[in-house]
Each structure stands twice: as C-alpha cells, then as structure tokens.
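Here you go, one structure.
Order of writing sets the labels: A, B and C. Residues in every chain begin at 1.
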Amino acid sequence: MAYLELSGLTKRYRDSVAVDGLSLSVERGESVALLGPSGCGKTTTLRMLAGLVEPNEGVIALDGAEITRTAAHRRNMGYVFQSYALFPHLDVARNIGFGLEERGVARAEREQRVEDALQLVRLQGLGHRRPRELSGGQQQRVALARALVIRPSVLLLDESLSNLDAKLRDAMRHEIREIQRSLAITTLFVTHDQVEALTMCDRIAVMNRGRIAQIGSATDIYERPATRFVATFVGRANMLPAERGADGRLTLWGEALPAAAPSGGEVDVFVRPQRLKLAPAGEPAGADMARVSGHVLNSVFVGDHIEVIVAGPGGQRLTVEIQSGDAPPPDGAEVAVMWRAQDTLVFPREAA
Amino acid sequence: MTRQPRLAWLLAPATLFLVLVYVWPTLGLFRIAFNEVGPTGAMIEAWSLATWRHVFADSFTFELTLNSIWLSLTSTFLALLLSYPVSLFLFRTESRFRSLLAVIAIMPMLVSSVVRVFGWLAILGDRGLINSLLQSLGVISAPVRMVYNWTGVTIGLAESIMPYMILALLAGFGRLDRTLEEAARSLGAPPWRTFLRVTLPLSLPAIALAFGLGFILSMSAYITPKLLGGGRVFVLATEIFEQATTNTNWPVAAVLAVYTLALLLGLLALSNLFSRRLQT
Amino acid sequence: MRTRRVVIQAGLAALAAPSVLRAQTISGSITLMAYAGIFQDNYTRTVVEPFQRAFPNVKVNYAPGGTSAQMVGNIRAQKADPQVDVAIMDVTTSTIGNVEGLFDKITAAEAPSLDELYADARQVGGDFGPAVTFDHLVLVYDTQAVKPPIARLADLWRPDLKGAIALAAPPNIQGLALTAMVAKMEGGDYKQSIDPAIKKLRELAPSVQTFEPNPDGYSLIVNGVVKVATGWNARAQLFSDETKGKIGVLLPPEGSVFQINTINLTAGSKNRAAAVAFINYALSQAAQKAFTERMFYAPTNGKAAIDPAAIARTAAGAESRNRMIPLNWNDIIKVRDQWNNRWRREVIAAGR
C-alpha cells in the first residue's frame, strides 16, 4: 500500500459532481501534480485531503491509517493556499510559528525552527514584518515556510504560483522543487499550468470532469497521452479527422497513414506540431514516415519558433512548427508534411 | 485646483440643510444653556453659568452619567453577544436566502420603538409570555419582575440596537477571510482556537465599530428606558426629556444635553483612537 | 321697502342687545391649544361648537398639545410670532407663561364671566387667565380584582396589592399631589415637613410595579397589568363609564388635591377680540355646565346650574370640597426639585 491512498473519492454539490470516484496512490517523498482545467475537481480533491471538504464517498488513507473523516486540525497537512492566507494581524515569525504554537512546541525550539524555516525560504531578518509589508514573492515564501515548519505528512500546494508574475514564477518553481527534493516531502500540487506540472513533479495526474484522465511521468503524459483530452490539454496538438480506405486502413488528406486503426468507428489523428517537418512537394516519404501534401496558408513568427499553417485539399489545416532560424516557405507554396509513424496517435472521435 | 470651487457649490445644498436642521438648533441649545430659571420655573434670558453650577453641583448628575454609561455598556455588550454570531452567520452563509435572512435580522429597525417596547411588555411583563409559561410549568410560583427595572431596559435596549450592530458588524467584517480560518485549521488549530486566534482578532475592528455605534445609540435612547424602566431607571437621556417636557426647565435640559453631547464626542474620540490602534 | 324695515328692526335689536352685536362684529379665526384625545373630543362638542354657533363669524382651530409643559414650550418657542390665541393648561405651567410674558391679563370688563367665577378660580391666575376646570387626584382600581374594594388612601399599603400598584412619581404633578396627601394622612402638613410622608411612601415603594405608568394608570388597569393606580377624577370617571364599572374611582377620605387647568390669552394674539370672546364663553355658565356634565371636571363658574348627579362625581360637592387639601401650586413648584430628589433617592430607591 502506498503512503497516501485515495480511493473512490467522490464529492457532490447541489447540482454537480466535483470529484467523481477518484483514486490515486502517492509514494512517500513523491511529488504529484493534479493538472487540469478549472472546474475539473483538482482543488476539491486537495481540500478533501486537507479535511476542509468532506467527501460523500471514498476513503483517504495516510501511512496505512484511514483519515477520511479526521478533522482538519488533526491531519498534519501543510497547505499553501492560492491567496497565501497569511494572518494579517500577525508578523511573519508568528505566522510561521502558528502551527508550532498549536502543537505546543516549546518557545525556544519554536523560535529555532521558525528561524530555520525563514532561512530555508531565504527570508532571514524579515520575521518582524507584517505580511502586507512583503512583496508577493515574499508572501509566497512565508506561506511555504509556514506549511513546512510543522513537518507535514503531505505538502499541499493549491495553484500556489498563479498569483506571481512570470519571471518570479520561474524562480519559485525551481526553489520549491529543490526544497521539496531536499526535504523529501510528499507533495501534491494543484495547477492548471502544464509547465508547472511538467517541471515540478515526479508524476502528473491529468484531471477532467472530476476524474483522473491519465497519470504518469511527464514524458508519459506528453508522448503517450492516453485520451484525446490529455493529448489536447497538455502541449500543442494537431487533431484531424481521418478517413478509412477501402481496405480499412486509415488515410489523411487522401494519403495512407502508417498507423494501426482501432476497429470500427470514426477516428481522429493526433500529431504534435513540432514533430512535423516540411519538405518540397513531391518528396517521397522515408521508411516508417507518414506524409501528406498541402499548400502553405501563412506563417506566424512566435518567438522561439515559427508556426506554418498548411491547408490540405479539403481545407483542413495542420500547424507545423519550425525553428525560428529557418526560413518558412512562401505563402501558397505546395509542400509535403512528414512525420515519423511512431508520432502518430489515433483516438476514437468523441461526441462533443 | 480649479475644480475645487465648483465642488464646494455642489455641497452647498447639503451644507445648508445641515446648518438649518442641525447646527442652528444646536446653537440654540447652547444659548438656552446659559439662561436662568426663576423660582416658579420661568425661564429668564441671561448669560449666566448659574444653571451649569446648579447641574454640576448636584451629585445626581454624576449618578445619571454613571447610569447612562453603565446601561449603555451592558446593553451594548448584550447586543454584541447576540449580534456577533448572527452577523458571522450572515457574512458566511452561502444560502440563497442570505439577503432574505439579512432583511429579517434588521427588520426590527423598521418598527417604531414604542411598538417594540409594548411587545417586550407583552413578553416580559408579570402576566407576559415568559412568566405565564414558567408559572404554568410550575417553575416559579410568583411572577419574576423583568420589566419596569434595569433588566427590562437592558433587554429592550439591546434588542433595539441589535439591527444597527448587525449592519455595522457586516460592514466591518471586511478582512475576515474564510481562507484564513482554513489556514489556521490546516495548521492544527481546533475550531475554538481558530476562533480565538484568527476570527476574533480579525473581527475586532468590526466589533469596535459596532460597539461604538451601539453605545452611542444606547446613550441617546430615551423611549426604551422611559417605557420599560417603570420610573426606576434614570439616565441622562430620560432626564433631559423629563426636564424639558415635564418640568419645563429648558436651561437644565439644555445644560444636560450639551454635557451629554460633549460626553459622547469624548467617548467617540476615545473609541476612534482605540480602533485606529486595532487597525495597525 | 319691506326689506329695509327688517334691516332697521334688526339694527335696533342689535343695539338693544350688545352681546348679539358683538357676536356679529367679531370675526376671523383663532387657535385654541389644549389637551388631545378624549379632552379634545368632549371640549369640542360641549364648548367649541356651541361657541361657534353663537359667534358664526369666528372659526376656532383646535390644536392638540401634548403635556402642559409641551404646550407652554410651544408657545414659548412662538413668542416672536404667536400662532396660538388661547391655551388651556395646568396652572403650574401657565404660571411660567404668565411670568415670562407669554400670556396677557384679562379683565372682567372684556370678559364678564370672570365675575361669576369662584374666588379661588379667579385668584389662581391673578390678573392673568383664570381656572377653567377643577380636577382632583383619585385612586383608580380594578373592581373585579380588588376585594374588598379600597376605601381609603391607607389601603394602598394593603399586602394583597403588593406589586400591583402604578404611581406617577414626581416631577409628574400626580406624584407631588400624592406626597401632600400622604403627608396629611400621616397627620402632618406638607408645608411643615414631608419627612413622615417620605417615610410612609418608602414602605409603599416595594409594592409599586411602575413609577411611570404608560400610557396611563387607567389603561394598565384595563389591561390587567396593575390593580390600583393614581389618576385624575375626570378621566377616571369616563374610564369607569366606558369599562362599565371595571374601573372604580375613589376620592380618598383622607383628602385630595385639586388639579387646576387655566385658560390663557396669548400675548400678541392676532385676534384678541375673538380670543377674549372665546375665553368669556368657556367660563360662562352654559359652557361650564355642559363640559362638567360631559366630562366630570368640576366647574369654576359658581353660578353654573349643573345636574347634581354630575356634581356628585366631581369634587364640587360641599362634602368633597371639605376634604380637599388647600394646596398652593405656586408653592409646590418651588419645592418640586427638592421633592423630586427625595422621591428618587429615598422612595424609588427603596422600590428597586
């Protein structure tokens, strides 16, 4: 049994289901991201873990003991809120020491641990400031220190970086990841930002409509999305309807695809834009390569790459990413688009 | 800068209105406070401090002051104890009936205080609801006196200021963030500790605001002490009323009114100082 | 021709009867300020309306005042521009108006009814407005609940009335009157000392439910809140009739005190002639008879021929008059503050 086990967790509200039979195992010291669009139930899951929301069904077990109905204050979870939730009437040191006071930690030890925590988040000397006298990034660190200082069984981070500007977010991402690794603390990280999920966690659970759509390493999720939702939510994607040839094989834009077709039903073909290559029209495909022909509609310079939009005979479009150093073909040029057969994924078409 | 004079003109009607209905009568009150009273009660125009000396030489004035402050403190405190949970609930509830509940909570404001007082007489009187109930249950053999004394006035006054205090609390709860309480709980604080360490300190500005308002309203209330006091509860407000409308002694009433006004302003300044300290 | 003769005859008749002539020549409107409610209803019917029939060109506006003190306050506030022409109020407050110059003197030359008044009714106002009604303090009680019925002032101290008494304490003039009555009951005289009265009243205090009956003692008895109260005879008599005897009225054999209402002419009245005419009418035999028979205020006009049954219910009968304590309200006003203080500190304090 894993260190933290969620099984069949369900939370229903008056007219909606926020979390729908969710199960998840997290090993000790592991860092798992709950990634999904807003409203997918990821925050509710985190709140159920913290004891702030009571599940309708399901079981939460920590280190072999069930804690499903344990009161929040008896769970020893370190929760970092999206808004940081620092106590405005207490200074930084008392904010951080709050949990220690509640645990009856003696004053001398408490002060030492608060000092250590301040050092850990690099806020030495700011202990007597009030939260509102700190910058957003500093407040974020205080919130983190306050959650860590109680040596929580699990660290819960709720969209904790979303209120920071892009540059600060990058820095904090690495900092948190480092702290998490050095303390080997079991962490659950709720985010809607895939970069955060991909860079900060050992495993990612992609959530959709109250369920986990896929769980796995960053590579798994990115390279081998299990569902159409995961494929489109994580990373950029081309998703085009495929036809079936007379022999039952799949074709795209009239050309055969070297991809296995699931039996029956309509299917879509998925391939990431950066896996596509442009070639002069008429160039034959190599072994184990897929190939379609079309003409360039236009090219968009995005900074680190250029997006070339290629239209097929039926008017459908593919986005091809080329390096920004390369010159895109002129608009209207006939081109071939090629990619490795292994980069092709096929998903049954879903009802919208 | 060029906009300033125009803005002043916009304020002119309101200023004029205030001067007419508030400043002018108050000045009149000040004027009367320096008149004298003849032996048969006739008012003698004068610029004299005789009435002031008379009022402040009378130890009863001191007694009235203590009574007013004590009554206001107790009834405001009672009202606070009752309003605080109500306001906290209204502030937090996600019920779709929230606005309806809020309106119900402040409804008594819409009822004349005279009507409310007679309601209390019907509930607390010797033959009122509570006494009848307790007697029929055999808990007591003779009625317990709950009106026509301090108890009745305190209860009635507390009830009459509750709606105002609820509104003041709701207005003052600005900084009270549910997430902060969740943070406290996640850090290991049981509910009552969360209340003591987070909810209560953060609602102190609201409490100070509501308490100040309730106190001022209690200090100036005269209908409730008069109707529920049974002639036993003497406070500044009832004494002013009595002097003006029974004794026809306007100078004494004016001196007491000016004194009460000064007392209130002083207490208001104190509470301002106190709540400003709370804010920082 | 015929018309002219009628006119001449009418003119001759008018010359022959000066009062009729005056009734024709006096015109305009006056404002009478007096008590509201039941007093207003009855006074309008028995005095104001007959006056208007006698003086068809005069319109009397009845402005209901509050207490006497409020009325004199009103007139004081209008001193620069009087809106009231005639005011009826308690003698303690009209005296204030007389001293402050709010009221004018009235002579028998302009108001002949003055000469018909009892000597004490005339003396009350000096040269200013005389007494227009006499009333006296009574005990009112619940005839159904007080058994045996109370028969004397001393019965207030009966143990069965404990907690069932309503007294109007000073500065209300009922309380002042009661003090004088108790002083006499105790064998003393209020002019010498009220110590015995205060001592006796202290013993009564614990039996008193309210020292400030609201809206009045009669209503509290009707509603069953108290069993005995102090009251004024006229209103008590009306309440007794209205409640078909539930309210009993007792003129204590130990003696009672007259309450005197005076009728006053406002200084600077804009229609002095009509105002004086009204005062003259109000003091006349007809008006005094009608009002006494209607509302049981004792008349101040000694020549009024009043139904003996009505007289019996006032203090105007010889027997009742003998029981009255000769009380000079002007003296009482001078000691009002002092009595008031003794009640508060000694009597009411003993009845907490």
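Going forward, a residue touches a chain if its C-beta (ideal position, glycine included) is under 8 Å from a C-beta of that chain, and two chains touch if they have at least 3 such contacts.
Not measured: the values here are computed from a predicted model.
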In contact with chain B and with chain C at once: which chains are those? Just list them. none
Chain at maximum distance from chain C, centres defined as averaged CA atoms: A
Just curious, how far off is chain C from chain B if you go by their C-alpha centres, in Å? 38
The distance between the C-alpha centres of chain A and chain C, rounded to whole Å, is 91
How big is the gap, in whole Å, between where the Cα atoms of chain A centre and where those of chain B centre? 56
Quick one: which bits of chain B touch chain A in the complex? Just the residue numbers, please. 175, 177, 179-180, 182-191, 193-194, 197-198, 201-202
Chain B touches which residues of chain C in the complex? 66-67, 69-70, 72-73, 76, 92-93, 95-96, 99-100, 163, 168-169, 171-172, 209-212, 214, 224-225, 330, 333-334, 336-337, 341, 344-345, 348, 351-352
Chain B - residues contacting chain C, complex: 38-43, 60, 121, 125-127, 143, 145, 148-149, 226-227, 229-232, 234, 242, 244-248, 250
In the complex, the residues of chain A that touch chain B are 50-52, 71-79, 81, 83, 85-89, 98-99, 102-103, 146-147, 150
